[in-house]
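What follows is chain A paired twice: with chain B in the first complex and chain C in the second.
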Partner chain A sequence: MDIGRYSGILKYVVKSIIKIISLLIAVSILSFVLVSASPVDPVRAYIGEVGMANMSVENLAKLEAYFGINTPPIERYWNWFTGFVQGDMGSSLLYRQPVASVIHVKFMNSMVLMTTAWIFSGLLGFLFGIIAGLYRGRWIDKAIKGYSLLIASMPTFWLALVLVMIFSVWLQILPIGLSVPIGVNAAEVSILDSIKHLILPALTLSVIGIANITLHTREKMIDIMGEDYILFAKARGKSNLSIIRHHALRNILLPAITLQFASISEIFGGSVLVEQVFSYPGLGKAAVSAGLSGDAPLLLGIAVISAALVFFGNLVANLLYGIVDPRIRRGSAYE
Partner chain B sequence: MTCMNHKHILQIKNLSVTFTQYEQGLRKTDLRVIRNLNVSVGEGELVAVVGSSGSGKSLLAHAILGILPQNCDAEGNIWFQEELLSPERIKELRGKKIVLVPQSVNYLDPLEKVGKQVRKEQNEKSLRRKQEELFDFYKLPQKTADLYPFELSGGMARRVLLTTAMMESPRLIIADEPTPGLHLEAAKKAMSHFREFADKGNGVLLITHDIELALEVADRIAVFYAGTTVEEAPVADFQSVDTLRHPYTKALWRALPQHGFHPFPGNQPYAKDMPNGCPFGPRCPQLTSECEGNIQEQTIRFGRVRCIHAK
Partner chain C sequence: MNNTGSITVLQKYKRKQLNQRSQTLMYIASGSIFLLAITVIGTLVGDIAITTNFTQKNFLPHMAHPFGTDWLGRDMLARTLKGMSISIYIGLFASVISAVIAAVLGAAAATLGKKVDAVITWFIDLVMGIPHLLLLILISYALGRGTFGVVVAVAISHWPVLTRIIRGEILQLKEANYIKIAEKLGQSKMKIVVKHMIPHVFPQFLVGLVLLFPHAILHEAALTFLGFGLPPEQPGIGIILSESMKYLSLGMWWLALFPGMVLMTTVLLFDVVGGSLRKMIDPHSAQE
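After this line comes the complex of A and B, so read on.
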């Protein structure tokens, strides 16, 4: 094996792993500080005002002990941290289940939603961006750009509400929310039902994501069409089609990869809002609930997992860059 | 040796290039960067257009090839082999009979292998053979075809760019600053390929800022100033300052190291604030009131000059 050629990549991966570990520690500390400093009283949030009033002092003390109110924060964090390192993410106070299994279930739900949105917004945004960049200044560019700017300046939750109004309230062809029909046994939920419930949240996320990717791709495309090598290709009598196929697409691929993987974080952020509006039981919604009820173990778990996911996306983008771009791939071999 | 004894390969008359710009919102201004330019290249001739950097010389090359940017408009007449060219005809000829040799490796797609680019992504056997022959001719190793542009040395890149030009059988090469950053000896060597090409009865239009190089290799020199050619003279006229016609050419001559290195004060006028009449007027020691009128080009001693005081 020719280790020399890959040593650069290996070094990069090792460096990245060290980076992610320190990043995750920082993220968990920050989330913990925030959730500890939050004015939400987890016990009160858990049993509600009425429950608080009716509860005996002994029971209240038991609950407070369960929620760890009286343990010093540093000790609590340390307990969580040592557990986490050994693979135990603790139990969610809210769901009364191990955090790992809560995250697993929610993550799978969100994953379907986010992957659909990610692929759709990536493909369509890429396509629209290229068309707009190629026909810069023409009507089609103006239409695409106008649409993207409009969407980009639209709040996600607002768009979600509008879609619900149109498709669920007026047309009544799609459900208002949740991921399965109400009042149906879990075993009887068909795939079609799941897809139906997925359409609106995925559509909202995609529509929002497209705008961003379109605008970025358009800018890059305009830059590329102004490059000297495009001019030279024209001077050599190449047809527009051949220039686009052989030079423009090839060169836009690199920024597109970066953009696509960087957009993971935005889709993730968007999914929090979308899941909230559609009551879609995903990671985003779980994060909001955990935050509002002071469920520190769950919140920390979700924060760490999502940070890892976003970081991983960027890492993949950088590695792909090295594979696609000959200047990086072959650069080291010719130094 | 003058252009008059030859059949023309390229003849440009009254070429003007105008940029349309929007400044401060929606106010539209036209910026004339090339005005009434005349230049010709005969069979077997290497003609150099010499002008200082940033004076818009490259636009001349782009105008001939019909690859000006969209907000740019060209007027005037261009003949190629005695045929008046239309924009459609230019499209047919460019890359085939009229080829561009650009200045640097930046004009190659950084993500495509050199061989594929030279062949314009075609893969036929005959083209492969032609490419291999040309690589041999220009002393490029055959494995160059599998390299990416960033892996080429400066010299290799220049020769690869030449190969792209020679893949078809051109009659006219437009070389736009083909030797940037090379000292005179190396540049002369790089230019020998162009000289050979011209000597076979073809034409070369060399666009450069390097007057010393132009004097070494060209047959005729067109001096480019503020968007136009102020003088077109056989290279022999540069032997002495007295055989030159235009005051700017004379100033250039005196600024050469071997002629005393006399700097010349002032700068070229920017296209936006061009003086009336002769563009050189404000810097000219011979300025008179007539210079602000329309300056016609006149032929003096087999050279052409745009100056009413020229003798």
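After this line comes the complex of A and C, so read on.
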């Protein structure tokens, strides 16, 4: 079937989606195996040590049947899988709610945090990268490069702690944690409060995320500034700003956007740590709590959802590269 | 031109103190010595790291305790060094295991035909699809947490990137002219691998191995920080930092600041050593 110049892309999208689905199923199997292999007993995790001691044998057997202790793993996986396809991910032991609704709430919280950090780190990193590349070897380049290398070695959770020390403990201008003030009804929380609680976690994630994109953009910028057409533009007396706008931007914007889409996995990893430090009620915090308290269904659900997010990001990155860059669009990158 | 005054700026030669090669060697040497010192001192510290002394608790950093003391009167410098040395040992072990896995899989993907390649590439995509920290949590959870869990999790999850690099290198090598000529000259496969391929791939492997350390160490610390790693009685760097969290609001900033800085410095040094090693070995990046 040929539908003009985009047929290659269409084919590629279909192929990618099939691949993503196969990978997602594999992720769910891998996670399921890992979660099932755990020595943590789901019944014990569900009712606790005291409950274990007071439970009658019949009830215990009922619970064991409910959690499928004696069902073979393959059957258990199949049950989980068919449920998952229909939108039922089981129920969380920790929150005593369906996993799907827990994940929905946490996902929204995390998305606010991650998107803010994602956009900020992308814009700032891009800007820094251009400046550093433009003034290669000057003090500003050295400062930006040094900063990026330092940040790349910085533990995310430590940076979060340092920011808490500075802004919450020392200057006392921002709250220490959580997404809303303590002791306030959810309905009464103003937008301002939510933003106030978002600043520090988002700042931490942004600062960490900047390093990668800055270094990448800087490299590209240096490459492009060495091209003949830039030299010619300079010879014609064009200003730096106009060179960036008319010649450099087109070339470096795409790789930067691509990189930013491909970095979702890292931002997610960072958000796990940041949410832990700030007690921010997002997916990362939920994953940690689920892991610590033996809530297998929730952990499984989060693993699959986050993998879907990562694969989606990678797909967008690959597509953007092809759709916007005419050299690749006309080429055979999708074959 | 006898008149030195007429030399233009372009011609003026400024002698550098050290050339780039010696400078790089200096980086490697000083970085390694520093890291070795942390490891050795941390190992020898022994019980000071867990000795409590209630007459000296909550001390600000001063001469006798440069990093201060915690709420149980334990010396934070000793704890930090001890924790760092544990992290370095785990990091070393984990990166060696991961690098070996990467070497085997990378070589297999590049040499054993299209099907094997497709399977291994698919596995790389699979492992890289789960956010790394979440994968670490899952593996640690599967193994019932604790030291064993964190060591295994960090060791078996760091191979994908290096596998890709090694696979790419070998695929490229197979198409290189000098390898093809060697084949045409009738050299045996074994000889080509030993004489032409390994000398090219091994340095890349070594650099990749060293550059895995920082990731492994950071991930170990992060996992421990989240509560999945080392047990609380161990002075792991992640434990120290997560304990310090409770005391931050009391204004005990030194509990978090210095251990974190040591962790960051260690990671940075491993990065510098690895990067310098690459400069020494890889001619393409020598002038960067």
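Note that the second predicted complex is superposed on the first by the 276 of 335 C-alpha atoms of A that agree within 3 Å, B and C clash if a C-alpha of one lies under 4 Å from a C-alpha of the other, contacts with A are read in each partner's own complex, and residues count from 1 in each chain.
Here, a residue touches a chain if its C-beta (ideal position, glycine included) is under 8 Å from a C-beta of that chain, and two chains touch if they have at least 3 such contacts.
Computed from a predicted model, the values in this text were never measured in an experiment.
Visitor: Report for A:Ala61: first if it touches chain B alone, second if chain C alone, otherwise both or neither.
Guide: After superposition on chain A, A:Ala61 lies in contact with neither partner.
Visitor: In the overlay, work out which of chain B or chain C sits against more residues of chain A.
Guide: After superposing on chain A, more of chain A is contacted by C.
Visitor: Based on the superposed arrangement, let me know which partner A:Leu231 touches: chain B (first), chain C (second), both, or neither?
Guide: Only chain B; A:Leu231 stays clear of chain C.
Visitor: One more residue to check, A:Ile173. First (chain B), second (chain C), both or neither?
Guide: In the superposition, A:Ile173 touches no partner, neither chain B nor chain C.
Visitor: Using the superposition on chain A described above, determine whether A:Ile17 touches chain B (first), chain C (second), both, or neither.
Guide: neither
Visitor: Name the contact category of A:Ile195: first (chain B only), second (chain C only), both, or neither.
Guide: Neither partner.
Visitor: In the superposed arrangement, does A:Val272 touch chain B (first), chain C (second), both or neither?
Guide: A:Val272 contacts chain C only, not chain B.
Visitor: Taking the contacts chain A makes with chain B in one complex and with chain C in the other, which residues are shared?
Guide: Overlap of chain B and chain C footprints on chain A: empty.
Visitor: Where on chain B is chain A touching in the complex?
Guide: For chain B paired with chain A, touching residues are 62, 65, 67, 70, 91-96, 99-100, 102, 104, 106-112, 120-121, 148, 150-151, 164.
Visitor: Which of the residues in chain C come into contact with chain A in the complex?
Guide: 122, 125-126, 128-134, 137-144, 214, 218, 221-222, 225-228, 241, 244-245, 248-249, 251, 253, 256-257, 260, 263-264, 267-268, 271
Visitor: Can you list the residues on chain A that touch chain B in the complex?
Guide: Result: residues 137, 227-229, 231-238, 242, 246-247, 250-251, 254, 325-327, 330-331, 334 of chain A touch chain B.
Visitor: What does chain A use to touch chain C in their complex?
Guide: Listed in rising order, the residues of chain A that touch chain C are 19, 23-24, 26-27, 30-31, 33-35, 37-40, 149-150, 152-158, 161-162, 164-165, 168-170, 176, 265-266, 268-269, 272-273, 276-277, 287-288, 291-292, 299, 302-303, 306-307, 310-311.
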